[in-house]
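All chains are identified by letter, namely A, B and C, in their written order; residue positions are counted from 1 within each chain.
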Amino acid sequence: MTSRTRISYSLREITDRLGGKVDGDAAVTVRQVATLERATPDTIAFLANERYLPQLKSTRAGAVIVGASVRAATPIPRIVCANPYAYFAQVSALFNPALAAQPGVHASAVVDSSARVAGDAEVGPCAVVERAAVVGAGSVIGAGCFIGDGAVIGSGTRLYPNVTIYRECVIGNRVILHSGVVIGADGFGIAMNEGRWIKVPQIGRVVVGDDVEIGANTTVDRGALDDTVIEDGVKLDNQIQVAHNVRIGAHTAIAACAGIAGSATVGRYCRIGGASGIAGHLKIADNVEISTFTLITKSIGSAGTYTGAYPFERNSEWRRNAVQLKHLDELAQRVRAIEKKPAQPKRRKR
Amino acid sequence: MTSRTRISYSLREITDRLGGKVDGDAAVTVRQVATLERATPDTIAFLANERYLPQLKSTRAGAVIVGASVRAATPIPRIVCANPYAYFAQVSALFNPALAAQPGVHASAVVDSSARVAGDAEVGPCAVVERAAVVGAGSVIGAGCFIGDGAVIGSGTRLYPNVTIYRECVIGNRVILHSGVVIGADGFGIAMNEGRWIKVPQIGRVVVGDDVEIGANTTVDRGALDDTVIEDGVKLDNQIQVAHNVRIGAHTAIAACAGIAGSATVGRYCRIGGASGIAGHLKIADNVEISTFTLITKSIGSAGTYTGAYPFERNSEWRRNAVQLKHLDELAQRVRAIEKKPAQPKRRKR
Amino acid sequence: MTSRTRISYSLREITDRLGGKVDGDAAVTVRQVATLERATPDTIAFLANERYLPQLKSTRAGAVIVGASVRAATPIPRIVCANPYAYFAQVSALFNPALAAQPGVHASAVVDSSARVAGDAEVGPCAVVERAAVVGAGSVIGAGCFIGDGAVIGSGTRLYPNVTIYRECVIGNRVILHSGVVIGADGFGIAMNEGRWIKVPQIGRVVVGDDVEIGANTTVDRGALDDTVIEDGVKLDNQIQVAHNVRIGAHTAIAACAGIAGSATVGRYCRIGGASGIAGHLKIADNVEISTFTLITKSIGSAGTYTGAYPFERNSEWRRNAVQLKHLDELAQRVRAIEKKPAQPKRRKR
């Protein structure tokens, strides 16, 4: 664990800021957050899932964050609250505030004279900001990033090193883009003509809303004609592929390695599992949960959890079972034939 | 939609260049392409799929591109042609020509004195061109790109920012490589020896033909001994992995997130779906179509469409059904046993 | 094939260094390794798999490396050894030694005055080394790489161009990181609170052991609280995603495009297939082999091979068969009903 901070807070100071109620000594001070397992007396841990109760019993934490149902399960000074995980996230942010921009353009950065970079923004070493691009107040453009012609970066936004933003794309406020992210590369638009693929110019943009976070090496392609849109509060993990003209609804979270094909529309507050896929041109309703490794091939009109992953087994058993998949229709027909066969010599009518 | 251009064309000027026939007023001029849905009177839209006919009825486009079968479906001035999507791609290229190189090496770029960069090529800020590398006429090396020792970039080729080309790899003419592409990293060659993996030096190259486009963050590994080869006209989407010694035949198109394992050979004019996989050392014939999420585990000797994705369901139903997969062989045996059981007291001979 | 070297060795010189026994003329000299198929008389090839015996018969190689069982299968001068593939790897390393660092910091690199870079280390053009970071003896930081505050790079380690190491991460000795690798980006830690996702600060590090190799565009996220750990000798292929707080045991090899979800623990000497997945919080024992395209959803307590991929078919057949998956539970129930049905006329009560 890193130790960027030497701040300390008493439990009373924490609940004064964040709410919740202290059970036990509210004057206890802590300096950092920790897991129950590795906590030391100067740290505060949390319990969000009762299956970790044994770790609560043995933790060395100076304080813990718990829900009301387990408040009696430990004598350690504790903050009791409705949503321990979210509360913990807020406590952690107290001890680990986001790094602020260090205003200024590094001497090795290359910023076009027509670009507008806010005075309190930071542009790191070897970053490149092209013609007419805009970088908003307090934003950070990490080392080696590229901001193309006319692209707009909002305020309070952080691009970690080696992010690429193609021309004319728009990134909102308080957005975080991790290293290797590519926003606005051409969508996969090709037309077959007399034995050759012709490129379809991709003239839409990518528009990313506020409070979005995008993980390392994720790619979001620009639209073919209209824009690709990532709405406010969307959270994308690493190595996700978002194709041209996709729209992802506000506050949807997508786990790593998922792929959303062209022109698909994903609703708000969806949760999409890792390495899942959504085929092109589909519409996914709000509040849909898609399981890991699941390919969605039809639009989904109502909330719920949808799954389509093959269960794993020992290879020897999988072999025996999987081979039957190629005869499944035949097997079903044979069962139907058996059912139709008269159990008795005389015919039965249906 | 971006608006880089202020060019306008009449329908007559378009058909003079590209063929096709005008129905309606050929003097109508348009300034950009658009979707039927968002078109304005100064734009031209297209209909390539009859399921969008309702949008044709309501579009505000000044002109449309259609096939002969629907020429009577609208009173809007229209270009009638055999392949509306390919025609549209060509019209779009009229309004949105590829950006030309801006000749010269940026002051912040680092070009080795033994490298040969064509006089009309462009080398962007903070790009690096190493010993004896070659950059051909009119090519663009974007900001932050790296061109390794002895690598060769053809003519009219564009590397978007932050592309990496390892030493001695060869990129053809009129190639487009999007940001984050890595060409020529070592293939995954390891040999187990007394409890330790030994690295197998990867001494082949990557050779990319002409008119290839490779999407953002796609990786193509160098060969172990011989070369990895991407033939002319291949189109690779984003986040594809091409392992060492793969050969991809001319004009094959591969959608995002697919993976081709070592020494596999893919034919010409194949279409490979997103997040699909091809196992090592296989041979895939020409004109094969592989569906999204499908793993190919045996060579494919003839054209056709091949599929192997698990159909998704509501999780509750999937659970009930998927559990049976682990008993599928047993189920098949039980059906066989029932079939063998005499339906009547007397024995039946097979 | 590239030809960086003009070294030559006789078979005797090779076996003097690496062991094994020569059959035939030990004075024969070779200058490079090659495949049986493309070998020339000045190269040495190898046969590790008997299915390539026909190629042994027709090869033009000057010498070959073979196992004892096939030593009589060719008249070509040959080195006989226990593990031809590992032996070949070592011979190839003789002819193709890893490139050494070219000591010095390039004029265009940006190295903070508080960073410690070994005198014989190499820092390439436009690379950035931040505050208090350490680069060990003989290591190479490629062009455009970023080494964050307080990060530590061991000795004899090579970062190819455009690698990103976030602050405070630790990379061991003799490690190879290929282009586009991102080490230490924030894990996907979010907590839902009143309709908004709150970010959970990710304050752990990534710690990478010695002799690890990580392929192009692979991402390893920093821990949420404790560290993410890649143990010694681990080999990761391209485009792999390793989530926060994962631990990968020593000498495990993972093929391209696999994803390991948060807090999963993978044992030692595992072999994990391409595009496979391991769900969060699982424990995988040592020596487990996971097949390509397989999702592991439960902990695995014992060595063996585990599989869960859908077998592919021609699309027409897949359609007929796959549709039955949605009725599999019903089919199983129908078979059970048939089995329970009396073979004879009399009724049975339920």
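FYI, contacts are C-beta pairs under 8 Å (C-beta built on N, C-alpha and C of every residue); 3 or more make two chains touch, one makes a residue touch a chain.
None of the values given here were measured: they were computed from a predicted structure.
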item	value
Chain labels contacting chain A and also chain B	C
Numbering shared by both copies at the chain C-chain A contact, with half separating same from different	different
Rounded Å distance, chain A centre to chain C centre (Cα mean)	25
Sequence positions of chain C contacting 2 or more other chains	108, 126, 144, 162, 180, 217, 239, 257, 275, 309-311, 313, 322-323, 325, 327-328, 331, 335, 338, 343
In the complex, chain C residues that touch chain A	108, 110, 126, 128, 144, 146, 148, 150, 162, 164, 166-168, 180, 182, 185-186, 188-193, 195-201, 203-205, 217, 219, 221, 223, 225-227, 239, 241, 243, 257, 259, 261, 275, 277, 279, 290-291, 294-297, 304-311, 313, 317, 320-325, 327-328, 331, 334-335, 338, 341-343, 345
Chain B-touching residues of chain C, taken from the complex the two chains share	1-2, 4, 32-35, 37-38, 83, 85-86, 88-90, 92-93, 95-96, 98, 106, 108, 124-126, 142-144, 160-162, 176, 178-180, 211, 213, 215-217, 233, 235, 237-239, 251, 253, 255-257, 274-275, 292-293, 309-315, 318-319, 322-323, 325-329, 331-332, 335, 338-339, 343
